[in-house]
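Quick one: structure below, then a few questions.
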Amino acid sequence: MTSMNATEAAATAVPYLAVNNVEVIYNHVILVLKGVSLQVPQGGIVALLGANGAGKSTTLKSISNLLHAERGDVTKGNIEFKGARIDQMTPNELVRRGVIQVMEGRHCFGHLTIEENLLTGAYTRKISRTELRDSLDKVYHYFPRLKTRRSSQAGYTSGGEQQMCAIGRALMAKPEMILLDEPSMGLAPQIVEEIFEIVKDLNGKEGVSFLLAEQNTMVALRYADFGYIMENGRIVMEGEAKELATNEDVKEFYLGLSGEGRKSFRDVKHYRRRKRWLS
Amino acid sequence: QSEQFIPLLVYRTGSFAPLGIPWANGKLDYLKMINERDGGINGVKMVYEECETAYNTDRGVECYERLKTKGGGGSLFDTQSTGITYAVMDKAPLDKVPVMTMGYGRSDSADGSVFPWSFPLLGTYWTASDIIVQDIAKKMGGVDKLKGKKLALVYHDSPYGKEPITALQALARKHGFELMLLPVIAPGVEQKSTWLQIRQQRPEYVILWAAGIMTPTSIREAQATGFPREKIYGIWWAGSESDVRDLGATAKGYNAIAIQGSADYGKAHDDILKYVYDKNQGSADSRAEVGTVAHTRGMMIQMLTVEAIRTAQEKYGKGKAVTPEQVRWGLENLDISQARLDELGFGNLMRPVKTSCADHMGSSWARIITWNGDKYETTSDWYEADMSVIDPLVKAGADKYAKEKGITPRDCSKE
Amino acid sequence: MTDINSATVTAPARGQGEVILDLQNISLRFGGVKALTDISFNVREHEIRSIIGPNGAGKSSMLNVINGVYHPQEGRIHFRGEERRKMEPQVAAAQGIARTFQNIALFKGMSVLDNIMTGRNLKMKCNLFQHALFWGRAQKEEIEHRIKVEEVIDFLEIQGIRHTPVGRLPYGLQKRVELGRALAAEPELLLLDEPMAGMNVEEKQDMCRFILDVNDQFGTTIVLIEHDMGVVMDISDRVVVLDYGRKIGDGAPDEVKNNPDVIAAYLGTSH
Amino acid sequence: MGFFIETLLGGLMTGVLYALIGLGFVLIFKASGVFNFAQGAMVLVAALAMARFSAWAIELTGSMLFGNVIAFFMSVAFMIALAIAIERLVLRHLVNQELTTLLMATLGITYVLDGLGQTVFGSSVYTIDVGMPKEPLFLFQDVFEGGILLNPDDLIAALVGAALVAALALLFQYTKVGRALRAVADDHQAAQSVGIPLGRIWVVVWSVAGVVALVAGIVWGSKLGVQFSLSTVALRALPVVILGGLTSVPGAILGGLIIGVGEKLSEVYLGSFVGGGIEVWFAYALALLVLLVRPEGLFGEKHIDRV
Amino acid sequence: MFYRENGQFKASYVEDLRIFKVTQDRVAVLALVAIAVLLVPMLASDYLLRAVLIPFLILSLAAIGLNILVGYCGQISLGTGAFMAVGAYAAWNIGVRIPEVPLLVQILLGGLCATAVGVVFGIPSLRLRGLYLAVSTLAAQFFLDWAFLRIPALTNHSASGSVSVGTLSFFGLPLESAWQKYLFCLGFVVVFAVIAKNLVRTTTGRQWMAIRDMDIAAGVIGIRPAYAKLTAFAVSSFIVGVSGALWGFMHLGAWEPLAFSLDRSFQLLFMIIIGGLGSIVGSFFGAAFIVLLPIVLTNVPALFGLPLSVDTAVHLEHIIFGSLIVIFLIAEPHGLARLWSIGREKLRLWPFPY
C-alpha cells in the first residue's frame, strides 16, 4: 500500500518543514482546509496535487503566512520549519529564515521594471553590489528572455515573462525552501521543462527544498520525490512520486492516461464525474 | 416648577473656537453667578445645557431642535452665529421661542413688527458698519474727506461676513467713497492674494469682518505686505484678546469696534470672580479670562437674558418659571436704565437699553478700541449709529422678508 | 528563406468555410518593443484556429488586435468582408466577437450569475427608465435572458456556484465562468486566451469538451491560444505559430508539429 | 509690472509651502498606494506638539534657540511614536485591502488625530516662534514704485522645502528602501512574499511623512498660528500633488509652484471680475485641466492597463 | 433555526428575481415599512422625528445616490455635498421664481438640475480614474460652493447669501409638523430605494459594476464605458439632488452653502463605506450609524453621570468616531451590510458553526 510507504518515508526523513493538522477559515465563515498535514524533508521536492479549489494555494499561503492579507486564518494546527514553530512569524522573518513563496498568478510589481522586480527579491539579503550583480546574472542566465526585457515595466510584459520574473525574483532571495505555486502556468512547454530543470538544479547543487503546487501533474511527478493529493481541503493520498505516477486513479484523473495510454482530447466524449477519495 | 431652562448654543471647537470659548464661558459664568449670588431670579434657579455647534449651521439646527422643548421650553436661543440664526429664523415663530442675537444675526430683524421673535439687541452689523465709518471719517478729518477715497472690506465669506455689505454699500453711496469687497474663504487661513490686492489698490482703510483664526492671520498678512495696522478696523468679534495676544507688537495699532463698552471692566466682573471663581466654579481655565472682551460679551448676553426673564416674571408672576413665549414679551419690553445698569454692575460696560414692538435692537452704542501691543485701550468716545441711514435699510429688508414669507406685519402703534 | 505569409495553407478536413477574419500585414509596436511584425493569417468560419508560440511572442497582443483593444500601426483587418482599421472593443463585441483573458478579467465584485448576465448586455434592449421601474418589458426581458444564461450555466455545469461572488472561486472555475460570460454573448467568433492554464488533465478534458461542443453545436468559430500542445494538436483545425512577433509557421497541426523552425523556437525536442 | 512680479513671487512662495505639505501625501502614497487624508491632521498635531513643547522648553531653558531645538526633537519623537501607533493599530490590520478601504482608514485617523491632538494639546491658538524674520523686504525699490515685496520667512521656508524635496527624491531614486516602497505600493501581498517587512516600511514612511508634516507645521504654524484650522491647508495642497503626479516627489514641487502661481494670479487678476474668492476652485480647475491632457499628472506613473 | 430557507424553492425566475428572496425577509421588510408609516409618526416625539429620523431618511437617500456612483460604478466622488446643494438651490429657485410649481415637482426638478451638473462634472471620469477623478469632483465641490456664495442670482440676491423656504404644502396638505415632513421624506426614500434597487439588479446596474470591477473587460464585452459612467453620474446626482432639496426644505428650512460643504461630502462617503459599498441596505445602515453615533456619544456620558464639557465631548466624539471607522474597516472592509449578511449566514447555519 502506498500510504504505508508514505508514513515510513515521513518517519525516517528529518521533518524539515512540517504542516500539522492545519485548519484554515476565510472571512470567519468559509472553512477551506480541514486538517492538512504534510512534510517536506530537507533537500526534497514535494508536489502538492489536486483539482481546482482543492486548497493547494491556501496550504502554501498558510505556510508562508500570506493568509492574513486575504482575511484567512489558521484556526487549528501548527507549522514547523527546522523544528521551530513558524505559524506566528511574519513573512519577512520567514524569508530571512529562507522560506519564500512564489505566488500563483505572478504578482509582479507592475510599475517596477523587470530588473527592479528582481532586485526587490534580494531585499532581505545584506550583500555587496557585486554579489547582487552575480545573483542577477544568475537569474538572467536561467531566463535569458528576462534580460532582453529588463528595463520594461513588468506590468507591460507578457504573461509568461511575468511568471519568469516572479520565479526569478524569489531566487534572488537565495532561499532554502521555495514554495512554488503553479510555476508552469502560462509558460511555453519548453520553458516549463526549463523551469523544472532549474528546480532540479537548485535542488541538486544548492540543496534547496521545494514544495510545489502544480496542475501539470505529469511534469510535477517526474521531478518530485514525493507527492500529496488534495481534495476539498484534505489530503486524500500521499506517496513516492513514482508510485503515485503508476497509481491507476492518479493516472486516470490527473494524467489523462487510461488503460491503453493517452487519449486524444477530442475523443474524450462524455464528461466524466470525478471520483472522490473522500468527501 | 421653579427652574428656568436656558439652552446654550456654543462653539468650543472648530475654527471659531478661540472666540467661542471665552464667549461661552462668559455666558456660563454669569448664570452661575446669578444662581450663586441671588439664588436665581426671584428664587427661580437657572438651569442650562450647552450644545456644541462648531459654528456649523446644521449642528446648530439640531441643537435648537433638541433644546427647544427641553425643561419646559428653552427660554431663548442665542445661537452665536448668523448662519444658524438665519436657519432658525423661520422655525422660531412656529415653535414660539424667541431668538436673541446680541451684536450679530439678521440686521433687519431689528424691525419687531415683522420679526416678533427676533431680538438683535444692542446693535447689528449694520449699525457697527456705520460706526466704524464714522470713526474713520473722524480720523480723516471729516465725513467729506471720505469722498473719492477707497475703503476695503475683508470679510469671512459666510452670512456673517456678508451681512455688513448692504450697509457699507449704502454708506459708500451716501459718503461717496469706493468700497472694495474682498471675500476670504473659510476658515480664512489663506489670505495672501487678498492682501496683495490691498497692497496694490492701497485702500485708505481696511474693515475686517473676521473671526477666530482668520483675524490673526489677517493681521499677520497685513504685516507681511506692509499694511499699517492702525488702518485696520475689526468688527467686534474680531476684537478680542485672543485675536491679537499672540501677535503682541505686530498687532499694535489695530482697531476694533467694541459693542457698547464691552472692553471695560465693571463691577459685574468682580461679582463673577467672587461668587464663581473664588468657589472654584469658574468655567474658564484661568481667572485671567474674566474681563477679556469676549468673556464680557458672554456676560452681557446673559445679563440681558436674565433681565428679560425678570421682566417677564414681573408681568406673568414673580418667582415662577416663565415660558419662552413670555420671555419674548420680556425681551420686547426690556427697559434697563443707567441706574439699573449700575446696580447690575454693568454701568460702564453698557448704555441704557429700551426695546419695543417696533425696535428690537434697543440701542446701538459702541466705542472703538485699539490694541497697544499689550492690551486694548478705548480710543474713542461713544458713538451711536446714524439711524437715518440704517432705518430705511431695515425697513426695506423687513418688507422684503414679509412679502416673501407672506407675513402681515404687526401694527406696533396698537401694542 | 521562404515568405511564410504568402505560403498557401492547405485547408484541413474541417473548417472548409468562408474566411471570416482576415488579417494582413499586421504590425504592432509599443515604443521600442515590436510586439507583432508584419503578420498575416486568416480564420475560416467554423474552425478552431490556434495560436501558439513562446512566451512574449505576441499571441495575446494578436487577440487584442483582433478585438480592438490594441490598434496596430500597420496592416488591415477584414471581418466578414468588411475592412476596419481602428475600432473600439465595444464595436468588435457588437459585431459578434467575444473573448476570455489570460489574466482572468472577471468582474470580481459580482456573482457568477451576474457576470454571465453581463455577457448578454448587447442583446438587452430596455432602457434605464424601464429598468428603474422593473415592470412589464424590463422584467420580461430579464427573464428571457436569464433563461439563456441558465442554459450556459447548465452547459458549463456550474449550477452550484451561481450566486457565489467570483472573487472567491478557485482559479479553474473562474476560467470556466469567464468562458460562460463569453458564450452568453452568443458570439460568432470566440477568442480564448489560454483557457486551460492552471488546470489538471481532467479539467482540461472538460474544458476541451466545452470548446468542441460550442464549436459543433453553435458553429462558433474559435481562436485559441494555449501552451498545452496535447490540447492544441488534438482539437485545432489549423495552427499559427508566432515567435518574437513574427509568424514562423501556419498550417494543420501535423504540419506545424514537424516544422523545424517551430520545433526549434517553441516545441523543443522533448515533445 | 512690479505688482505682477510680486504676485508671481508670492505665488511661488505659497507654492513651495503647499509642496511641503504635498510631499507628505506623495511619500505615503508612493510607499503604500494609499492616499493619506490624515496628512492635514498630522500637520496640525505636529504643529500643536511643537508649539506646546517649545513653550515649555523655552521657559525651562530660557533660551529660544535651545528651547526650539529641544522641542523640535521632542516633536520628532512624538511623530515617530505616532507612526508606530498607526502602523500597529491600523495599517497592520489592513494589509492588501482595497484602496478605498485604506483611504477611509486614513479619514478615520484624521478624526482621531483631530480629537486627540486637541484633547492633549488644547484647542486655543498657539504660537510657534522660531525667530523667523517677519517684516517684509522691499527689493528693487528704484526700479518699481513701492519696490517688490518679499517675505523673508517665505523665502526661508522655500529653501527648507526645496532641501527636503531634494533629499527625499534621492532617497526614492537611489536606495533599496526606495525600491521596496514602490513595490509595496504596487502589491502588498507580493511585497510580503519577497520578504519586504511591510510594518517596518510603513513605520519608516509614516515617520518621514510625520517629520515632513512637522516641518510644514512649523512653517505654516509660525505664519498662521497653530489651531485646528491648520489642517485645512492640506486641502489646498491636494491639487498640487495631483497636478504633479501622486507618485512624484519633484512633481510635488513643480505642482506646488504652478498651483501657487496660478492661484494667486487668478485671484488677483480674475477674481475681482467675479466677486473674488476663486482661488480655491481655480487651483482645482487648473489641476483638472492638466489631468485631462495627462491623466496621471505631470510626473505620475501611468496606470497600467493590460489584458 | 428560525431563519431557514429550507423548503423554500424558487419555482420560477420571477421568484428568483425578487428583491427579498427569503420569505422571512419579505415579511420583516413589510413589517418595517408598516411600522415606519403607521406607528412611528404616532409614537415618536417631535425631537426624535426632527433631529433623528428626518435627517436619517434624507441622508439615507443621499447615501443611496452616492452608493450608486461609488459603490456600484466605482467612481469616487467627493462632491456629493455640492450636488446636494445644486438640488436644494435649484428647487428653491424654482419655488421663488415660479411659485405655482407644486413642491413635489420643485424637488424633482431640483434633482434634474443636479443631474445636469453631475453629468458635466462626470465628464472627466471618461479620462480620469481613482483619486485623480476624486479631484475633479472636489473641483465641483469647491466651484459650486463658490458659485452659491458669490453669484447673487442663485440666491435671489439675498444679502446674507442664505436662503429660506416659506410654508410648505403637498398638493394642498400642509407640511408643517414633524410627522408630516417625516412621512413626506419616507415616501421619497421608499420610492427611490426601490428604483435604485431595480436599477442595480438589472442590466444598468451590471454595466456599472462591470465598469467598476474592470473597465477594459467591460469594454470588450460591449459595454460603453462613457454611457455607463455618465448614467451612473446622472442617476446618482439625481437622487443626491433630490435628497439635497429635501435636506434644505424639510430639515433645515433655511441654509447657506456651508450646509453642503465638503464635510457633508465626507460624511456621506463615510456612510456608504461603513454601511457597505455597493449595497442599498448598506446605505441605510451607514446613515443610521452616522446620524446616531454623535447623539449616542453626547448622551451616553451623561447617562453614566460623567459630566463632560462640550468641547471634550466633541473631541472625544471625534476620537471615538474615527476609531470606530477604523475598527469597522478592520473587522469588515465591506461594511455593515456584509456583517449583516455574514450574521444571516451564521443564523442560517445555526447551530452549526460552518
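A few notes on this one:
In this document, chain identifiers A, B, C, D and E correspond to the written order of the chains, with residue numbering beginning at 1 in each.
FYI, a residue touches a chain if its C-beta (ideal position, glycine included) is under 8 Å from a C-beta of that chain, and two chains touch if they have at least 3 such contacts.
All values reported here derive from a predicted model rather than from experimental measurement.
In the absence of chain D, chains linked through touching still make up one piece. Annotation: B-D is the more contact-rich of the chain pairs B-D and A-E, by number of C-beta pairs in contact.
Farthest from chain A in terms of Cα centroid separation is B. Chain centres here are C-alpha means, and the one lying farthest from chain C is B. Between the CA-based centres of chain A and chain B the separation comes to 75 Å, rounded to the whole angstrom. Chain C and chain D, compared by their mean Cα positions, are separated by 49 Å. Centroids built from CA atoms put chain C at 29 Å from chain A. Annotation for chain C: residues 60, 69, 101-103, 105 touch two or more other chains.
In chain E, 146, 149-150, 216-217, 220, 311, 314-315 are the positions where the chain touches two or more neighbouring chains simultaneously. Multi-chain contact residues, meaning those touching two or more other chains, occur in chain B at positions 12-13, 17, 21, 157, 183, 185.
Those residues of chain C lying in contact with chain E across their complex are 67, 69, 88-90, 92-94, 98-99, 101, 105-110, 114, 117-119, 121-122, 124, 126, 128, 131-134, 138-139, 142-143, 146-147, 181, 185. Those residues of chain A whose C-beta lies close enough to touch chain E in the complex are 25, 27-31.
In the complex of the two chains, the chain E residues touching chain C come out as 13-14, 16-17, 195, 198-199, 201-207, 209-210, 212-214, 216-224, 231, 235, 278. Every residue of chain E that touches chain D in the complex is listed here, in rising order: 70, 76, 124, 127-132, 135-136, 138-139, 142-143, 145-146, 149-151, 216-217, 220, 262, 266, 269-270, 273, 277, 311-312, 314-326, 329-330, 333. Interface of chain D with chain A (complex): residues 95-96, 176, 179-180, 182-183, 185-200, 301, 304, 306.
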